[in-house]
Amino acid sequence: MKHPFAITLDSGSSLANLTGSWRTDRPVYVDRLPPCNHACPAGENIQAWLYHAESGDYESAWRALTQDNPMPAVMGRVCYQPCETACNRAKVDDAVGINSVERFLGDEAIKRGWRLTPPKAETGKRILVVGAGPSGLSAAYHLRRLGHTVVIYEAGPVAGGMMRFGIPKYRLPRDVLDAEIQHILDLGVELKVNSKVENIRDTMKAGGFDAAFLAVGAHIAKRANIPAGAAAKILDAVQVLRSMEGQEKPLFGRRVVVYGGGNTALDVARTAKRMGATEAIIVYRRTRERMPAHDFEVEEALEEGVMMRWLSTIKRMDEGVLTVEKMVLDDKGFPQPTGEFETLEADSLVLALGQDVDLSLLDGVPGLELKGGVAQVDTNMMTGYAGIFAGGDMVPSERTVTVGIGHGKKAARHIDAWLRGAVYAPPEKHELADFDKLNVWYYADASKTVRPTLDMARRKSTFEEVQKGLDESNALYEARRCLSCGNCFECDNCYGVCPDNAVIKLGPGNRFQFNYDYCKGCWLCEAECPCGAIKMVPETI
Amino acid sequence: MFQIRIHGRGGQGVVTAAELLSVAAFLEDKHAQAFPSFGSERMGAPVVSFCRIDTKEIRLREPIVAPDALIVQDVTLFKAIDVFLGLKDSGYLLVNTNQSFGDLQLDPVVAKLPAGHAVTVPATELALKHIGRPVPNAALLGAFAALTGTVRLESVAKAIHEAFPGAMGNANIVAATEAHDAVVARVRTAA
Amino acid sequence: MTDPTATATANQKLHFYQKGTFTVGNRLVPDTERSVQASIDRSNALTCGHRACQGCGEALGARYAMDAAMRATGGNLIAVNATGCLEVFTTPYPETSWQMPWLHSLFGNAAAVATGVAAAMQVKGRKEVRTIAQGGDGGTTDIGFGCLSGMFERNDDVLYICYDNEGYMNTGVQRSSATPPTARTATTPAMGPEPGNVFGTGKSVPKIAVAHGIPYVATATVADLHDLERKVMKAMGIHGARYIQIHVPCPLGWGSASHDTIRLARLAVECGMFPVFEAEHGIVTSSRKIRRPVPVAEYLKPQRRFAHLFKDGGDSQRLGHLQAIADRNIVEYKLLEPEEEAG
Amino acid sequence: MLKQTEGSHATAEAIALCRPEVICAYPITPQTHIVEGLGEMVRLGQLKNCEFINVESEFAALSVAIGASAAGARAYTATASQGLLFMAEAVYNASGLGLPIVMTLGNRAIGAPINIWNDHSDAMSMRDAGWLQLFAESNQDSIDLHIQAFRIAEELSVPVMVCMDGFLLTHASERVDIPEQAQVDAFLPRYEPRQVLDPGEPVSIGAMVGPDAFTEVRFLQHYKQTLALHLIPELAAEFSGRFGRNTGGLLRTYFADDAEMLVVAMGSINGTIKDTIDEMRADGFSIGLVNIVSFRPFPTEALRRLLAGRKHVVVVEKSFAVGMGGQLANNVDLALRNTPAAPQVHSVIAGLGGRSITRTSLHRVFRRAVAQPWEGAHFLDLNEDIIGKELHHVRKVRRSGPTAENLLRRLDQAAQHAAAE
């Protein structure tokens, strides 16, 4: 006997006692869907690229990001950030500044000359993309990465679509847009500008295309029937913003009234201010709360001196003067006329009441369904005509750059599958990582970084970008604010808090494993997992 | 076997006296046993210590009930306890005092003892003179050596020196020597 | 890839580690700066197969503390354990869960036995081997208190760690001098006009330890691993008598869910009932500030030992009294004052 | 080296020669001088490589020794009386863990009533605690037994208590032979622990042992003590060879060969008994002595061999189990269990709380054992007059107050009465 009997015991001999038999619930590691990813119309795996950004590995972050979205520098400026709206962190302090990190990564890529990853092999398939807006560019990018030959037909003189012709420069500098379009073209995507497709089937046939993705956008301004005097100057928003890109700038006069409540209305009003208008007034029939425009844009517009006239409709326009009727909201929130009229001085009226799609290229395509001025597609983004897919503003959806980019990606995957005679099956979505699945104690207190903005004098007089980007240190800070909802970020909490040492750490990148020989099923790991990546399931007895 | 009982009060070095005596005997190659009247007495309380001296191993551990010699360090004890209990008829009596046995009304006790077996010695006075403190035990041991011859003065001096090397010991040795010499003179006179 | 040195510099500038400030690990900092518990090479001084209840705070606290001390000493560590839950659930013959030299003697003598071990190491010329004594609150604040105080006042080279679960849990949940007022235990039943433990009793052994003027005293909880490890490591860097009291919730004794162990330890601090502080040489030097203040009720409510306080509309008077105790702690230990800037 | 010195100091010197590495000191009369002496030696650098720790209680003293011993250091402490009781839990623990601690017990009575004087109640209170208990007859014995104690303890990995009578030995100055360091070093090798706390080879010492193994643990503990029954005489023989002094091993005899009456006793009383025996033998009384050196383990076999065939055995002991009788007498009875023609055993309780045991009383009781044998225990020199009065008083007055105080008052009255006469 090595030691005195019974009173002296050999080190660690309790390993023979398998306490796992005590367990009635077993912990399992799970991956849950982070709300940001869930909310992203472009289907970005936001948390994944933030993970790389957190460690300062911005190129990996950018590469992860561009798996889904080839235009982070653009998106980092123009996206309305549904991810941040959904962000669980908003319930702790402020949402993570995902958008600003995204922009930082995009800008960083441009600055450092990072190139998108080219395809590994060519498929020999030819795809026609109609329209070089966000959807078209996105589809072209994804299709190219899958090895297909892609040709974009763009009706306009330059690529960009609404990103160029609908979004003012002060929100999206054109060099940024150009650089990211170039990233895509650099992959070998062919762009034909000034090439309006009149008939899709003819163009496909002529070009020997195996499939087509249509994303022609919505460029036709909606008109309102406003009685007007002869000298009344009435413009439409599409026309105004488009002309900002050309040589002949629009002439507004000193007092400009913009009619409408969307982002386009704000863009026009703010553009008018920059063009020298002393007054830019937005007339909207409902209240601020009910404006479709994003609040931060309203805020910025107000800061710049744009005025708002709520609960008003324009009844007629004469030279230099508008007649406006006051409205009230009914029980259901709809505006109702009051019969009270006022006049408003205005040198010009810009109508920003929405846009329609020019669907003429689809004339005569069999099986195609058009409804409400847009093309109908199935869940695979395919029109009623096999091989013709469509997306962006020309299909039923929210009309944003982000949605467009998402459509492009989604369509590309379906086109790719269709070409192979298969159906693309998206991976099953994980359970959502709700706020209540988190243990937010473990996250340090850190409110959102406020992005610097341009000084007011220059905002009102120039088209310099209003919102500045983050520098490296605050981008890193912002990235690190991510809670990693639903996905293990190897914080070692489970490994640390297990009173029974029943968690095996597998090393960096390999996460953990439960040692069910000893796990007593106390739930502590589940309770103390910050990000909700552990789930307890009953043992089958 | 020669048995000595020492009476005194706490703080007067009663126990030390017995020990020094035993060491003196040891130095003369005798067997000796010194022990206190084991108590928790504090300063000033009556205390007793014992010393046995023999030429062979001493096994006996009972208190000394029939002493061959009594050393009384403090005459005030006579009123408090029966100091003389068990003293052998052939025994010795050594009392620390400036007074005479007559003054102390001890003549009847002394009378029972053989002539020259009882002496007084002003040990405290000698201690104050030489040591500066009223610790009479060394002087009494010098006197004891002279009175009984059980141990020699040199042995007493050596025992004191071993226990208290240095000036303190030397002063005690001087006191012991003076007491010794005084007793020698007294006994010689008496004889 | 970006320039790695640039990243490192940025990281240095940026001390904010969202996911690493409070969690056990943090992939963003170098291994050497991570918690001991995050390490794949932690010693697991208290290993698998022990018989502690599910969600045992003491098992957790003991491993945290010992692993930290093992790292601090390079494994040159001996532990002395008082009788109690920790001893019983780790070393029933024929198996021990300890992977370090460990000695159990008695209930009330761990501090003294540790003094002996430390003395032996000193005399054997093995000064690199350090000694820890550990026990529950019963073994520390009650029966072991004499030995503990003796060890303190001699300034023996021992770190004593008290795992405070506020009662005699091993023997079936009886009151100790660390049991808080109103808590139900087997000897302070929730019966009569003033159910549970009475007000005005008990003692703060950390304060008493401070009064000994020993080099280091600290309190900690299993809810703040970084703080706990830092204190244990700091203590191991000091020679002389040291004391750390670690608050370890006990699901059995407190009547709480096993998954609430850490949450309760956290709430105890956040509500002010368990002040976490440090003292050196008789002077309190720092306290851990409350991050998210909560009323004591939030801490008490998940524990069945306090259930009587919430019955029939609630015992607002005694809850108020408990809140007052917490409030006093908050003032005394400056728990809500801003952190002093590190000098 | 021969020396005339106090027993405590002689013992301290002997312990220092054993090179203890950790000494735990807590004052309690009458052992205090021993640890004081050791403390001085450590301070003066005479005892090197030794941690001298002033602890806060006896419980801590033995606890510190337990820690030190388990960590591989040679550990020593000393105590007495209430101190031993206060450390009782640790006493059992040290033996249960098999830690070779050596402890001096300056034997003293146990209160209440509080009493600082000598008897063996303290040692007897821990007789079943698993320690070896060796009793010194003289201060020379104390020296010699302590040196052997460390060797025995460490060879068997069991703690040893060396009992020396308080005051009678601890405070008695007598001639002793202090061995040379080299001699002791040759007899007592470095401590090689059987189990040790070592980071290099971690073990858990002090496990909880349930019904499945507890009996075996106890049996093994008991087995160690049976080994000690052989080891103690062997080492005593070796010691005798090296040092020229015989401590007797388990027991020592005096005129035991032919005696019709054998007295059995432990500790310093053996000296007075020997003188008594000399006197009685001179009177033609056939009497001898068995001095029990090792009370634990109890030398049952050796004692049986010695006592068988005698007419009378008188056990003189300084302790008794209230309501039962003398522990030593009981153990002697046990040794004689099932012995054909067993001698008559007479139990004498003597010297309680420091009462002097005189030859006169011993003469009387030994003779009485033959002439007027008694049943049960005989209390030597019991003041029967006082007992009678107190018993009468207790019977008469229901709430009579503490007996001890009443007895003291009666003694006082008796003394005054005597003085008046």
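The first chain written gets the first letter, and so on, giving A, B, C and D; residue counts start at 1 in each chain.
FYI, contacts are C-beta pairs under 8 Å (C-beta built on N, C-alpha and C of every residue); 3 or more make two chains touch, one makes a residue touch a chain.
Everything quoted here is computed from the prediction, not taken from an experiment.
J.: Touching both chain B and chain D, which chains are there?
T.: Shared contacts of chain B and chain D: no chain.
J.: Taking each chain's centre as the average of its Cα atoms, which chain lies closest to the overall Cα centroid?
T.: C
J.: When contacts are scored as defined above, which chain pair ends up with more C-beta pairs, A-C or A-D?
T.: A-C
J.: Whole-Å distance, chain A centre to chain B centre, using C-alpha means?
T.: Averaging C-alpha atoms per chain gives centres 112 Å apart.
J.: So how far apart, in whole Å, are chain A and chain C when each is placed at the average of its C-alpha atoms?
T.: A distance of 48 Å separates the two centres.
J.: Quick one: chain A and chain D, Cα centre-to-centre, how many Å?
T.: 92
J.: Using CA atom averages as chain centres, what separation in Å is found between chain B and chain C?
T.: From the centre of chain B to the centre of chain C is 66 Å.
J.: At least two partner chains per residue is the criterion; list those residues in chain C.
T.: 90-91, 93-94, 96, 98-100, in rising order.
J.: Residue numbers in chain A touching 2 or more other chains?
T.: If we look for residues of chain A contacting two or more partner chains, we find 6-7, 9-11.
J.: Should the pattern of chain-chain touching be classed as line, ring, star, complete or other?
T.: other
J.: Residues of chain C touching chain A in their complex?
T.: Within the complex, chain C touches chain A at residues 1-2, 6-7, 10-11, 13-14, 16-28, 34-35, 37-38, 40, 44, 46-52, 54-57, 59-60, 63, 90-91, 93-100, 225, 257-263, 266, 291-292.
J.: Could you pull out which chain A residues touch chain D in their complex?
T.: 3-11
J.: List the residues on chain C that touch chain D in their complex, please.
T.: 75-78, 80-81, 87-88, 90-94, 96, 98-106, 108-109, 112-124, 129, 146-147, 149-150, 153-154, 156
J.: In the complex, go through chain B and note every residue touching chain D.
T.: The touching residues are 15, 18-19, 22-23, 25-27, 31-36, 38-40, 58-63, 65.
J.: For chain D, which residues are in contact with chain B within the complex?
T.: Residues of chain D touching chain B: 2-4, 6, 29-30, 116-118, 138, 166-168, 171-175, 268-272, 274-275, 354, 356-359.
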